[in-house]
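Please go over the structures that come below.
Next come two complexes, and both contain chain A; in the first it sits with chain B, in the second with chain C.
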Partner chain A sequence: MATTSIHTPAKTRTTVAGPDRGRLRSPYSTWFYLPAAIVYGVLFAIPTFASFYFSLTRWSIFESKFIGFGNFVTFFQEPALVKGFTNTLIYAVVTSGTKVVLGLLLAVLLTSQIVARGYLRSVVFFPVLVSTIGVGLTFTVLMNPERGLINSALSVIGIDGPGWLTDPKYALLSVAAVDVWKGVGLATLIYIAGIVSIPGEYLEAAKVDGASAWQSFRRIILPLARPATVTVIILSLIGGLRSFDLIWAMTRGGPGFTSDVIASVIYKQYQAGFYGLSTAGNVVLFVVVTAIVLPLSRFLNRKEVEL
Partner chain B sequence: MSSTTALAGARPRKNHLLSVVAILVSIVVFVVPFAFIVLTAVKDRQQASLLDFSWPHQFQFVQNFVAVVEARDYMLIIAFINSTILTVASVAGMVVLAAMAAFVLQRKASRWNGLVHFLVLSGLIIPPAVVPTIWVLQRLGLFRTMPGLILVEIAFGLSFCILLFRAFVATIPRELDEAAIIDGAGPIRLFFKVIFPLLRSVIVTVVVVQSVVVFNDFVNPLYFLPGDKNATVQLTLYNFSSQFTTQYNLLFMNILLITIPPLVMFLFFNRQIVAGMTAGAVKG
Partner chain C sequence: MNTSRMIRSRTTALATLAITALALTACSAGSLGSSEEGGSDAVTLNFLVDNADQTLKTAEQLGKDFTAKNPGITIKVETRPAGSEGDNIIKTRLSTGDMTDVFLYNTGSLFQAIAPKKNLVPVGDQPFAGALADNFKSTVTADGQVYGAPYGGFMGGAILYNKPLYAKLGLQVPKTWAEFMANNAKIKAAGVAPVIQTYGETWTSQLFVLGDFHNVSAAEPDFADKYTQNQAKYGTSPAARKGFEHLQQVHDLGYENKDFASAKMPDGLKLLAQGKGAHYPILSAVVSELVATYPAAAKDVGLFAIPGDDAAKNGLTVWSPGGVYIPTSTTGAKLDAAKKFLAFVASKEGCDSQAKAGAVTGPFAVKDCKLPTEVPQVVKDMQPYIDTEGASSLALEFLSPVKGPSLEQITVEVGSGIRKAAAGASLYDEDVKKQAQQLGLAGW
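The block that comes next holds the complex of A and B.
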């Protein structure tokens, strides 16, 4: 009896609260997702799924013929395309690694007691906002082997500069250097945000305990700026693996195909009308990006928790 | 704040040697390339073709400016108009769609949330599949059209915007929603009259960052909106580069002109840009 008398009001309360809560929740109606979901679904999700099928076909825009893994076999047999694959990895690792190191050093410098800090921060960051094509064309001129500013400057101090973009040995790394020049400002900015959020007391306490500048960098700034490091690595890896415009503006994958990356291979095959092969390149890029970025971000974020 | 002043008090002397070195290096590495752009842009054709870093014999700013603008039937003007339409429309679309999605995503606990989070992160990581996107656009009759490109930009930009908006919506107290509901606001009124105005600061951030991104975008116009009639400024610059191989002064005038909009953004909205671009840094 007693239990029922307790239960009944509870029940009535829930039935009363039910529609009431329903009315409270209704303002967050699910259809708010709809416009975004349609645009995203039609122009991003469907093409992504479709790419898995079309990568297995010989495809002109009118008809597609299923050919199995032929495109992927081509992709990993043709030297030009394999070169694009390895170059993508080299480019991403080089740019990402350099941005981490330089970004951290610049951020430490730009958070220290230094004159003209605002000017330095602005000047390091501004290239991030400039058109990639504009930067690419400018540096193509600066890197001109005979008349370019870089080699003229080097010849003054007696160094015979190489053909930065015309020598197959250097072309990819030269573009990577320009990528770092343009992108290091973002890495620096992220590191500055990370370093500024470190409580000043830690550094003070370390100083009182007689820690050297190197020790407080190694033991305090470096571990506590770890979230920033993770962000910089992940962001620049994603950017590096996908990068296209800078390479296209500076070398178009040349000389020959020595500075091709997957993204430029995709464009070249698309232009040549090999849509299936181009889409296979897209799928390879998708696999490379997810296979590198997902485990890495999981690994980096897990270690952060342990710390 | 007190700790930083204490630090400054303990170390009032700035490191002047390091400062001088840093400033000199920054001038060589970062200022010289921009100075080179400006100087070459105002040179005459002959001097510009030397590609050297020197003071112009004669300043031809106006003459070069007019020549670039008039080139190929005022292509640059058309390109600026196209880029403006593209940037304004796609950023506006991104802001509204992403804010709506982010609002519901943050406020409502439902079984969709996991999926939505997954899709948002996918949108940040996965490289878009180019030719299949063209195939879809063609089926919709939107390939080679400005509305098609605008929708593509929105689709690719949504993820970043949703992340920023969601973090900000979390700071708006739910009591505000409840008060509005008690006052009889429906879902649409609640969002557009109460929440949306409160998002102002993050909207400014999103608008500024995405405007720069869309304005500078080269790849998507290249694939989805080819052809001279619709060229955007980045495509025009790229096409000029093969045409102007003997007229470096005009090429660099063009580079200079398309650098101005980001520069203006930077001068006026430095703080919002920094906020938007470092949003992920502290949280990881």
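The block that comes next holds the complex of A and C.
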């Protein structure tokens, strides 16, 4: 698919080659582009390049002083940074992986012939619609170690629940679990669309050939839902890498620095008034996310074409 | 027929909506206009304060009393979050010229960080500046200019303790850390949590470190200066590191309340007032909330300075009150009104008005102001420290512009056993370095 779309315009271009090829290629006059170009320039291009510049300055919002790569040096020496990076990766991989598995399972369930299927589908999707901060605050209350509903419920059956958000061992994973609860609806939706679009003939043919349920899942649904898997992985991985709001609402990176992710490290630097430093952090985050997601998306999409 | 009616009714609905929207805009524009006009001497000052209950109450009381004395000037109170989120708002609004006409903000290092020379109107030439306590004046002075009027009283960073519990167990107020820990052992044996910690609000975790500063400067008198010049560090100064070590000890011996990791300040006050916790290292400013919620605590809760090694040199670390400032964006009639307001805040009437709004947290920073006769025990216990020569000193953040932004996270880690004291102290030194560089101090 990708190759054809590249070839077609090339062909048209050669056939209409001539002195005013450019004019012909675009049906609009230059003025037509201007409004969009101005918006793009003012709101996107200039801030992006300005941020590259400010990442090289010591910027106190009132004034800025050029200091070369000092911010990047400081940023990489930041003790919380290594922790932030590891946590970000753990968070992204855990949430993304769980969403893939749970999303697929839920989608299989919700595409089967069950009662109230439409209603159940929307129920799975509801958490996606709720404000992240609201979800975060609600779960903070639920997960309170002494007075929270979760631990009270556990104590009824004789389990002494841990401090979900206050124990450094669990804090990050607790937030990740809430993230999954909130985000799995979207993954399920994408999977439902993917599974529904698989032609019924394949499953019928498999049934005629005597395939078991597991075999038709493994050999038909799983490979043919691959585009959905790719979308879910990319979306939730990007979401996980730049996740911030939920973590901030629930733990503020705490206790201490134990659930800090890159985004919260950057935000705290911004709060402290280290504007240059936090801009440098954002440049780093931009590079890291691109470096992870670009090859991954290439890899996953190539596989898709090969299939 | 049916459809056309539907279309018509939809159009009507749309038109109604549009008209309502128009009416609303007109309305807001009108009300804006009326506040600008309304006679030549009618001025409204917007006053930005943090959203703590007591601050808000005080601000409103001040506004009311000020307007009673100066008809024609109204004070409209706005709030902002406290802590680093609030710092952010202050800086952003100042830099965009969008600050309210007067605002309340910290004194000391945080005040230095908002570039007073560039953003604030100096008030040193105003008559009230002469009546300010010197300890306060130095914390709102930058480049030789005075910028603020004191809001509230001095505060102590100290240990609040439950007096009935002390009486019941026959304990004495400790003067040294060893005595303090001995008391803690007895309290724990009696089944009460010896030390209350509330890491649900991270700022409350810093008192063992910040409140220990009097003891630090007693042991190393030039610590603050050397610290500003990057010559003394928490990680390497034995006296300064004590604060972190104390915090770790308290955790290692299991002296904290069970829910220390998730409890918030009101929970801590509750434990203290009900005698379920014995000691709460905190700023004495919380006393107003404490007394408002638990009236008996006015008598039952006392204060002592954080004990150090040397009983003879033990003393109180004192926080300067917040300051009311005028940003440079305030001009004309508003500026005159704002100066009048600051003068009122720093006058005897201003102090009385603040005292009326709620419990006083400590001595006022204005020379003519006297504390009311009825003050909570906590404030009474502060007085001897302040009256005795050499028994109190300002906290480090008022003596040095250098204060790292992450101390509260570090102390939470040390107090929760996630990080050891020595590592925490060194980490804080790293944190401080960024702040010093940002301020462009020499030697960093």
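Here is the rule we go by: the second predicted complex is superposed on the first by the 271 of 307 C-alpha atoms of A that agree within 3 Å, B and C clash if a C-alpha of one lies under 4 Å from a C-alpha of the other, contacts with A are read in each partner's own complex, and residues count from 1 in each chain.
Convention: a contact is a pair of C-beta atoms (placed from the backbone, for glycine too) under 8 Å apart; a residue touches a chain by one contact, two chains touch by 3 or more.
A quick note: this is a predicted structure, and the numbers were derived from the prediction, not measured.
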Three-chain arrangement built on chain A, chain B and chain C clash or fit: fit
Touching partner for A:Y270 - first (chain B), second (chain C), both, neither: both
Partner chain(s) touched by A:A228 [first = chain B, second = chain C, both, neither]: first
Touching partner for A:N144 - first (chain B), second (chain C), both, neither: both
Partner chain(s) touched by A:T258 [first = chain B, second = chain C, both, neither]: second
More chain A residues in contact - chain B or chain C: B
Partner chain in contact with A:F32 - chain B first, chain C second, else both or neither: first
Contacts of A:L203 with chain B and chain C, given as first, second, both or neither: first
Nearest-approach distance, in Å, of chain C Cα atoms to those of chain B in the combined model: 6
Shared chain A surface residues [contacts with chain B and with chain C]: 61, 144, 270
Touching residues on chain A, where the partner in the complex is chain B: 23-30, 32-33, 35-37, 39-40, 42-48, 50-51, 54, 59, 61, 109, 112-116, 119-120, 122-134, 137-139, 141-142, 144, 147-149, 152, 181, 186, 189-194, 197, 199-201, 203-204, 207, 226-228, 230-231, 235, 238, 241-242, 244-245, 248-249, 263, 266-267, 270, 275, 278-279, 282-283, 285-286, 289-290, 293-294, 301, 304
Chain A partner contacts - residues on chain C that touch it in the complex: 84-85, 87-88, 91-92, 94-95, 113, 115, 118-119, 199, 202, 258-259, 261-262, 405-406, 409-410, 412-413, 416, 418-419, 427, 430, 434-435, 437-438, 440
Interface residues, chain A side, partner chain C - complex: 58, 60-63, 65, 74, 77, 79-80, 144-146, 163, 165-168, 252-258, 268-274, 277
List of chain B residues in touch with chain A within their complex: 3-4, 6-8, 10-11, 13-16, 18-20, 22-23, 26, 29-33, 36-37, 40, 50-53, 93, 96-98, 100-101, 103-105, 107-108, 110, 112, 116, 119, 122-138, 140, 151-152, 154-156, 158, 162, 177-178, 180-181, 185-187, 190-191, 212, 215-216, 218-219, 222-223, 233-234, 237-238, 241, 248, 251-252, 255, 258-259, 262-263, 265-266, 270, 273-274, 277-278, 280-284
